[in-house]
Amino acid sequence: MAKVLLTGFEPFGNTPINPAESVMRMLDGTRIANGDIHGLLIPNNFFESIEVVTDAIEKTEPQLVVMLGEYSGRAIITAERIAQNYNDSTRYNLKDNRGVEMQGEPTIQNGPVAYHSTLPIRAMVMAMRNIGVPADISDTAGTFCCNHMMYGALHYIATNQLNIPAGWIHLPQLPQIAALPENIGNPSMSKETAALGIQAAIEAALANPRDTDDPIPSHLQI
Amino acid sequence: MAKVLLTGFEPFGNTPINPAESVMRMLDGTRIANGDIHGLLIPNNFFESIEVVTDAIEKTEPQLVVMLGEYSGRAIITAERIAQNYNDSTRYNLKDNRGVEMQGEPTIQNGPVAYHSTLPIRAMVMAMRNIGVPADISDTAGTFCCNHMMYGALHYIATNQLNIPAGWIHLPQLPQIAALPENIGNPSMSKETAALGIQAAIEAALANPRDTDDPIPSHLQI
Amino acid sequence: MAKVLLTGFEPFGNTPINPAESVMRMLDGTRIANGDIHGLLIPNNFFESIEVVTDAIEKTEPQLVVMLGEYSGRAIITAERIAQNYNDSTRYNLKDNRGVEMQGEPTIQNGPVAYHSTLPIRAMVMAMRNIGVPADISDTAGTFCCNHMMYGALHYIATNQLNIPAGWIHLPQLPQIAALPENIGNPSMSKETAALGIQAAIEAALANPRDTDDPIPSHLQI
Amino acid sequence: MAKVLLTGFEPFGNTPINPAESVMRMLDGTRIANGDIHGLLIPNNFFESIEVVTDAIEKTEPQLVVMLGEYSGRAIITAERIAQNYNDSTRYNLKDNRGVEMQGEPTIQNGPVAYHSTLPIRAMVMAMRNIGVPADISDTAGTFCCNHMMYGALHYIATNQLNIPAGWIHLPQLPQIAALPENIGNPSMSKETAALGIQAAIEAALANPRDTDDPIPSHLQI
């Protein structure tokens, strides 16, 4: 059996219900393929979030780490390719749950500029699409707590030379949040659809230690 | 008891599963408040669609008519305010299911330019939002079969001086359709979320023979 | 020679510079094909706007009426197909320049539900595209002052049985307005590009008293 | 006097006219503040693009390097924060101008995951907004030739320990490209507006060797 650490952020800012928490709780304690899902709620705070996840990695010794967050405004699930050593919450007019703003500071002084996800994100995206859940690869996790924690977790795994695939997946807003007056017009995804996608993604990650080479058409323009 | 005629379009074009059909089938035969839901599948064809719905109005003698269609690219449920006497399928590069294109022809020769929905759409939109389903009013039902059938049904009701509130609600693509390679990036809504919204909308329509005056903030710009 | 009445709205709400006014002023007094352009600035007020344009129609006796407004959030020029007898400024959180809100009232009591533009909008859109200015047909002019004035002008022309083609064209925000902090992310179009498009559109309208039947592919989905 | 190397990509794929080339040619040979603009056209090819720009850096010995590209679908000018050591042209269904596709290969074997732009992008974005040109910071330059060349140039500068601020700015499609049938609906920006913005950005870069700490509100959601 494989242990899968599945983290989900708690509510923050204008997100009274975080789909990351909802999906984490739905899958916590379940078995996906040969993986036992260990759910973990993460405080939406700079640095503390990294401590919580790295502590859990140390104690749980998982074979796979999948971290979940919310990305308002995105219509589909996005598997993040990269996390950068840079933070700016002010552009979103947001603070973390302890009221801390960051603007321009790195997460790790003199750390590498960025880490690539070590998840097989191509295989995971194709698995989500194949099960009927819209998904794509993203090349930016933003500059708020999600990117921060993704960078911190990958830095911890790299500097400790752990051989654990880890990475981040962003979920759209929940319908009930997109139905609030200030969000009308935003796309959304139900927690059931999102959980179906994350299940398929985890199954694909467990089955594909190395990523697929299949093309992932995106309808992105450049 | 009130009879509610709830119609849903069949698949068409690039839509192998139509959320309008899915939601209609989920609610067919159920009771919503004091309303019995009579579901009806509609062929996605110019003019035949109007015949099918007006035949059903004549035979069923409903107290309320709610017609459902799909609007790809929209992220939320939209209650249509208006249907116009104009058809153009060519701009969407679409034909109806019998291969018919329309381009510039009216639905009713010398008919009125447009009909307003006679549903209490403000109350219906607020009811959907209140139950956590993102929704808004739309001022265009497009120029394909949905607008065509909405116009035709409202024209039939008006010219026969029937006193039946009737109108159109558009649903986003289903997730499994938005997950097809050609649609990646499109917003979607699960049939469960959409059905929850339509239930609340029908309940509101049964309770509000005259529409509310509450403001419906839209986050639309102009 | 033909007289062309070209109207442009003054600034309103969060639009300190209105591209409609800018383009009207750029083309005022010029000759386009066989047309002399008579520019007219319109106050952004319910009902007063209609009085000003219908007075000008009576006095100028133009052969063509092209009315310009701004539609924030749209990326391309849109020729409106239809104006409806319905007003709602509250959804945009806007008032007119005298502080008047409308919510649900018609422009003309017991007037027709809608009027279609009598401009050759297909030919005008194709002419704009052919000269390199992105444009499309729109099926909603919103529910604020633009739709209001378009409806009022078409109602006046229809009820007075004047044989004057008339209609509405919406312009995107100007770059300097899209560069304001509250608008960052909005698409824009320079007044020079917009004026080039309007010139081509007017030339096409003068040359095509009846509209073309050419298909106008839209990349809209439905 | 300072020498400013300003590069612009040639046409590629579905972009018969590249705004990057147009703006580069408009500013080539001009003086901006104390900077002499040395324009350079770049072939849209993997690796060759890097050779051309690094050769020019070696020969010109500029004090500032600003590289321009086009990003279709974006409505505003975007100053890129980061370039990654990863290439995938297949997701865009694109090849470079010699017909080469990349899918998953790095630009530099065992190179760092990413480089941050060394331009004062916050100051440059604020300068563009202040002159009325909509602009923002972007956290992804895509995975086609722009990101490739940005990474390659920054890698060259870093490994040669040159002290030259360098980075990438993306321009929206030109109006005439957004007016092509396959692009209708895309936002655009005229070359005149774009050139005005790039002038202001270069002036800001020359004046701010260290970046500003001013907040850059984005209206991005997360």
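The first chain written gets the first letter, and so on, giving A, B, C and D; residue counts start at 1 in each chain.
Note that a residue touches a chain if its C-beta (ideal position, glycine included) is under 8 Å from a C-beta of that chain, and two chains touch if they have at least 3 such contacts.
Here the structure is a predicted model, which means the values were calculated and not measured.
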Open item on the list: Return the chains shared as contacts by chain A and chain B, ordered by label.
Closed with: none
Open item on the list: Over half shared numbers or under half: where do the identical copies chain C and chain D land at their interface, same or different?
Closed with: same
Task: Most distant chain from chain B by Cα centroid - done: D
Open item on the list: Between chain A and chain D, what distance separates the C-alpha centroids? Give it in angstrom.
Closed with: 29
TODO: Please report how many Å separate the Cα centroid of chain C from that of chain D, as a whole number.
DONE: 36
Task: Separation of mean Cα positions, chain D and chain B [Å, integer] - done: 46
Open item on the list: Could you pull out the residues of chain B that touch at least 2 other chains?
Closed with: 186, 217-218, 220
Task: In the complex, chain C residues that touch chain B - done: 70-73, 81-82, 84, 86, 88, 90-94, 103-104, 112-116, 122, 137-140, 142-144, 146, 186, 211, 213, 215-218, 220-222
Open item on the list: Quick check on the complex: what are the chain C residues that touch chain D?
Closed with: 75-76, 128-129, 131-136, 175-176, 178-190, 192-193, 217-220
